[in-house]
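Below are two complexes that have chain A in common, paired first with chain B and then with chain C.
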Partner chain A sequence: MERIRERVIQIYGNLVSLLQKCIFCILSVGPIPNHIAFIMDGNRRFAKKCKLMEGAGHKVGFSALMSMLKYCYEFGVRYVTVYAFSIENFKRSPEEVQSLMDLMLKKIEEILKKQSIVNRYGVRVIFSGNLKLLSEPVRLAAERAMLATAKNSKAVLSICVAYTSTNEIMHAVQESCEEKWDEITLLNSSGAGYGLISLGGYEQDEMDHLIKLTDIEKHMYMAAAPDPDIIIRTSGETRLSNFLLWQSANCYLYSPSVLWPEIGFRQFLWAILNFQQIHFYLDKLRKQS
Partner chain B sequence: MLSLRFAIPTANTLTPPKIKPKPGLVVQTAWNQTDLFPSLPKRNDYKLQAATTDLSVAGDIPAEEVVELPAELSRELMPKHVAVIMDGNGRWARQRGLATSAGHEAGVKALRELVELCCQWGIQVLTVFAFSYENWIRPKVEVDFLMSLFERALKSEVESLSRGGIRISVIGDSTKLPTSLQKLINEVEETTKHNSRLQLIVAVSYSGKYDVVQACRSIAEKAKDGQIQLDDINESLIEQELETNCTEHPYPDLLIRTSGELRVSNFLLWQLAYTELFFAQELWPDFRKDEFVDALSSYQQRQRRYGGRH
Partner chain C sequence: MFFISSFLHVSVHQVTVFKLLPLYFPSSFPISKIYFNLFFFFFSFSFFNFSKPLFSRLCLNRSMDFAKLKRMLCYWIHQIVNILLRLTWHLLHFTIHLFYFAINIANALESHLISKGLLRRYKSLHISKLQYLAIVIESEDCRTSNVIELLQWLADLGVKHVCLYDKEGILKKSKDFILEKFDGATLFQENDVLLDQPLMTLEFASFSDGKEAVAKAANVLFMKYLKSGSTSSYQGEQIFTESQMGEALKTVVGGNGPEPDLLLVYGPARCHLGFPAWRIRYTEIQHMGPLKSMKYGSLIKAIYKFTMVQQNYGK
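The block that comes next holds the complex of A and B.
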């Protein structure tokens, strides 16, 4: 009896997989998003709703993340970014922050194992954010993970930890200023710096030596990935919460009302369909800017 | 079940647009106000004509008066700063078989109504995205029309805005604007700079990314002059250098984008960090008091956590 039940479940699982693959085939006739970003909101509300223990919501959320990653990589999305931990989240209770850090540490170790999703799909893992704010064991684990997956090149997973967009922009501004400062000091000392910075107003060609948009962009934590095509925030809240503000200038924002641990294939499908509807117009806008 | 808080606007492409029949070109600004609030001054109807509209309206913005809010709103939860992306003028005009210019003119009327409502309901700052840096590539005819529309609107409105206690600030790259418009903007900003009832920030030739780049450049300048050290660069320093430093509340509490498009389009990127976003289905000229009340009541029901716990 048990064996028949298991067999039925297995057949059902295979059918569902096959159906998903068929749907992906049909969808790939249209444009495939290059980069999808997720704001994983609603874990604590899910735990409260299902009367689970503290921290259990995040564990269920992690398996939801794994299935969303599977859909993304199977469909052919090259870059996926997730908002794991904001700098503002450090203000939460120390127990909650500690349990999140422990969960992150445990999951980073799991990711590096052989059968994990990272190795199956050839994913390079990047941790974006101000990693200096993390505790030593988490930071070291993150750096180990980045090193171990550096050679993978089929897809990229950016995990934003200790990240806020304003911090990222400020850091990029700081680095650009330092870089220009070093450049100008070097030129000045070698005698070629005259005319680069005039005392009064600036001429047009001198403006070119000042900091440009591209200078700031190359110092962003997220410089390794292109701008996202879709940002999905679960739990129905429509705000960006200091996530990818710079990169979301022309990006499609989707906010389903399901909580993060409840997200599934349906929401993924809906996001892709709507992305494909407005893709050509957004692409044209992006090329113009 | 798949339940979406903000429905994807399939109406734009799959179903024909619902056109509200309008008799001729008459546009009423406060058509429902007389029903709900009979004590408020009535607005006169006025005809809308493309490119030759006299933009001065019969009524002024009422001076300080205590106005009752609609039942679903509460004064304590009113946002201090509302930002609006006024999208949909072109589509509105196309739906009615009019020229795009008529759409923009209708848009100005809707904006005027919104300014009055903000004054009455205690909102302190209203930022509107009038013209993006990316809009310069539109056809020259449309761009020239928009520039002349701005000039005409400013000239005709400056007196009533002054009387209404409204301060106007303009942000964006003004070097690309016609010289006459630049001069007019400086004059209007100077004339209204002491007003304090509402600050109306108009973003013309504005791009969120370039706002940050120019802040970065001025910080670099200051560092070069020795006014600050590179280590002093922090988020509040950047905030002070952004173009929204003309106001005490540079971060919008609520961003409304009309016409059902679900994106931010390079408007106020830094300042939108914790802003509640509201996407309205209506096109901008159709965004009136009822729709604004919907947006505000949706805002007032949200729980803002700023990354912490409730």
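The block that comes next holds the complex of A and C.
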């Protein structure tokens, strides 16, 4: 009896994945987004709604993340970014922060295993953010994961931890200043003799353009990925909460009202269909800028 | 036999035509796409009927390889499946268009009821919660008459501070015209504090107030860095803080401006079109549809939805 039930469930699972593959075939007629970003909001509300323990919402959220990644990579989306932990989240209670860090550590170890999604789809994992704010074990695990998956080239997963957009912009500005400073010091020491350190010979106009926009963009944490095409924020909230503010100028913002652990194929499908409807317009915007 | 073969022959051309179609047709209504496809199908079908004799001779040629025939069959089956997929895709998007059309009618009805004051929920708005409102308008849609009407509605609702943004800067160019025509507002001064003022303050922004302002602020900070006489290397240490960046932004042209609480997007898509990144950290972004079909009721509904939101700010 049990075997028959298992068999039925297996057949049902196969049918569902076959149907999903057919839908992906149909959708690939239209434009496929290159980069999708997710703001994983609503884990705590889900735990409260289902009367689970404190950290359980995040665990269910992680499995929702894995299924969303599977849909993205099967459909052919090359870059996926997820907002795992914001710098503002450090303000939460120390126990909650610690449990989130422990969960992150455990899951990093899991995704490095052989049969995980990372190896199945050839995903390169990047951790974007101010990693210095993380505790030592998490930071080392993150660096290990980045190193281990560095050779994968089929797809990219950017996990934003200790990340806020304003921090990213400020960090990029700082890096460009340091780079410019090194450049000037080098010029000065090689005797190019601009006297730049004393700022004597520079016109006001030139001073305003020492650091260019391209320098700043080069040093962003998210420089490895192109601008996102769709940003999906669950739980119906309509704000970006300091996520990819710089990169989302021509990006479709989608806010389904489901909570993150409840997100499924339906929401993904709807996001892609809406993206395909307005793709012509967004593409035109992108070409103009 | 030759009907089938000419039908299959047509499909080859259909594939190339389908690929080029999106370039020529805007995404607004795919019915035109379907009719165009059907027309092209019948045109190619009749054209290839002229090549019927040649083709039938080829097919009936007994010396044709069986493997070659199998290959051809696979190829034609592949083309048929391709056509079916494309037709299904177009049908799917057509259904979605119909769905949005119905949704728009329902929204129009609801906003009509709201503006008549028939829905109790929207009668009293806590407008004081909305300190600073930003409106993003698609540059091609920017008609000053619509903008002035919108500003009038906002003034009636009691909104005190508004920022008008459009990517190309068209609103900035017609700044004087708008301020002249709409006499209930003054220009937002750089160091204005958000106090209660009798007239509405208006700010005009464009794309150059976003990324380029950050580049200018970066130059300001770099000058400060050089002037502070840094001789030792600061590699790895944090030399700037976010508040310093904010201060530097305030000093550059276009970088100053408070953070909006609510951002209304009047355009074809829900996209903030490059509004200055530093200012929209926790801004609620709502899509209102195209500017030419703006409605008073939807404005009230958007502001009402905003007043119902609770933010944790990360905690």
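Convention: the second predicted complex is superposed on the first by the 272 of 289 C-alpha atoms of A that agree within 3 Å, B and C clash if a C-alpha of one lies under 4 Å from a C-alpha of the other, contacts with A are read in each partner's own complex, and residues count from 1 in each chain.
Everything that follows uses one rule, which is that a residue touches a chain if its C-beta (ideal position, glycine included) is under 8 Å from a C-beta of that chain, and two chains touch if they have at least 3 such contacts.
Everything quoted here is computed from the prediction, not taken from an experiment.
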Sharing chain A, do chain B and chain C clash or fit in the superposition?
clash
Output check: A:F280 vs chain B and chain C. Expected answer is one of first, second, both, neither. What do you get?
second
Touch check for A:P256: first (chain B), second (chain C), both, or neither?
first
If we overlay the two complexes on their shared chain A, which of chain B and chain C does A:E6 touch? Say first, second, both or neither.
neither
Once the shared chain is lined up, is A:M170 touching chain B (first), chain C (second), both, or neither of them?
both
Identify the partner contact of A:Q267: answer first if only chain B is touched, second if only chain C is, both if each is, neither if none is.
first
Should A:L213 be classified as contacting the first partner (chain B), the second (chain C), both, or neither?
both
Figure out whether A:K91 sits in contact with chain B (first) or chain C (second), or with both, or with neither.
both
Which of chain B and chain C A:T238 touches, first, second, both or neither:
both
Touching chain B and also chain C: which chain A residues?
86-89, 91-92, 164-167, 169-170, 173-174, 176-178, 180-181, 197, 210-213, 216, 237-242, 245-246, 248-254, 277-278, 282, 285, 288-289
Which residues of chain C touch chain A once you look at their complex with the stated criterion?
18, 22, 26-27, 85-86, 88-89, 92-93, 96-97, 167, 207, 210-212, 214-219, 221-223, 225-227, 230, 234-235, 238-242, 245, 268-274, 277-278, 280-286, 309, 311, 313-315
Please give the residue numbers of chain A that touch chain C in the complex, ascending.
25-27, 29-31, 86-89, 91-92, 164-167, 169-170, 173-174, 176-178, 180-181, 196-197, 199, 207-213, 216, 237-242, 245-246, 248-254, 273, 276-282, 285, 288-289
The chain B residues in contact with chain A across the complex are 2-6, 8, 10, 13, 134, 137, 207-210, 212-213, 215-217, 219-220, 223-224, 230, 233-235, 238, 261-266, 269-270, 272-279, 302, 306-309
Considering only the defined contacts, which chain A positions touch chain B in the complex?
44, 86-89, 91-93, 96, 164-167, 169-170, 173-174, 176-178, 180-181, 184, 197, 210-213, 216, 236-242, 245-246, 248-258, 266-267, 270, 274, 277-278, 282, 285, 288-289
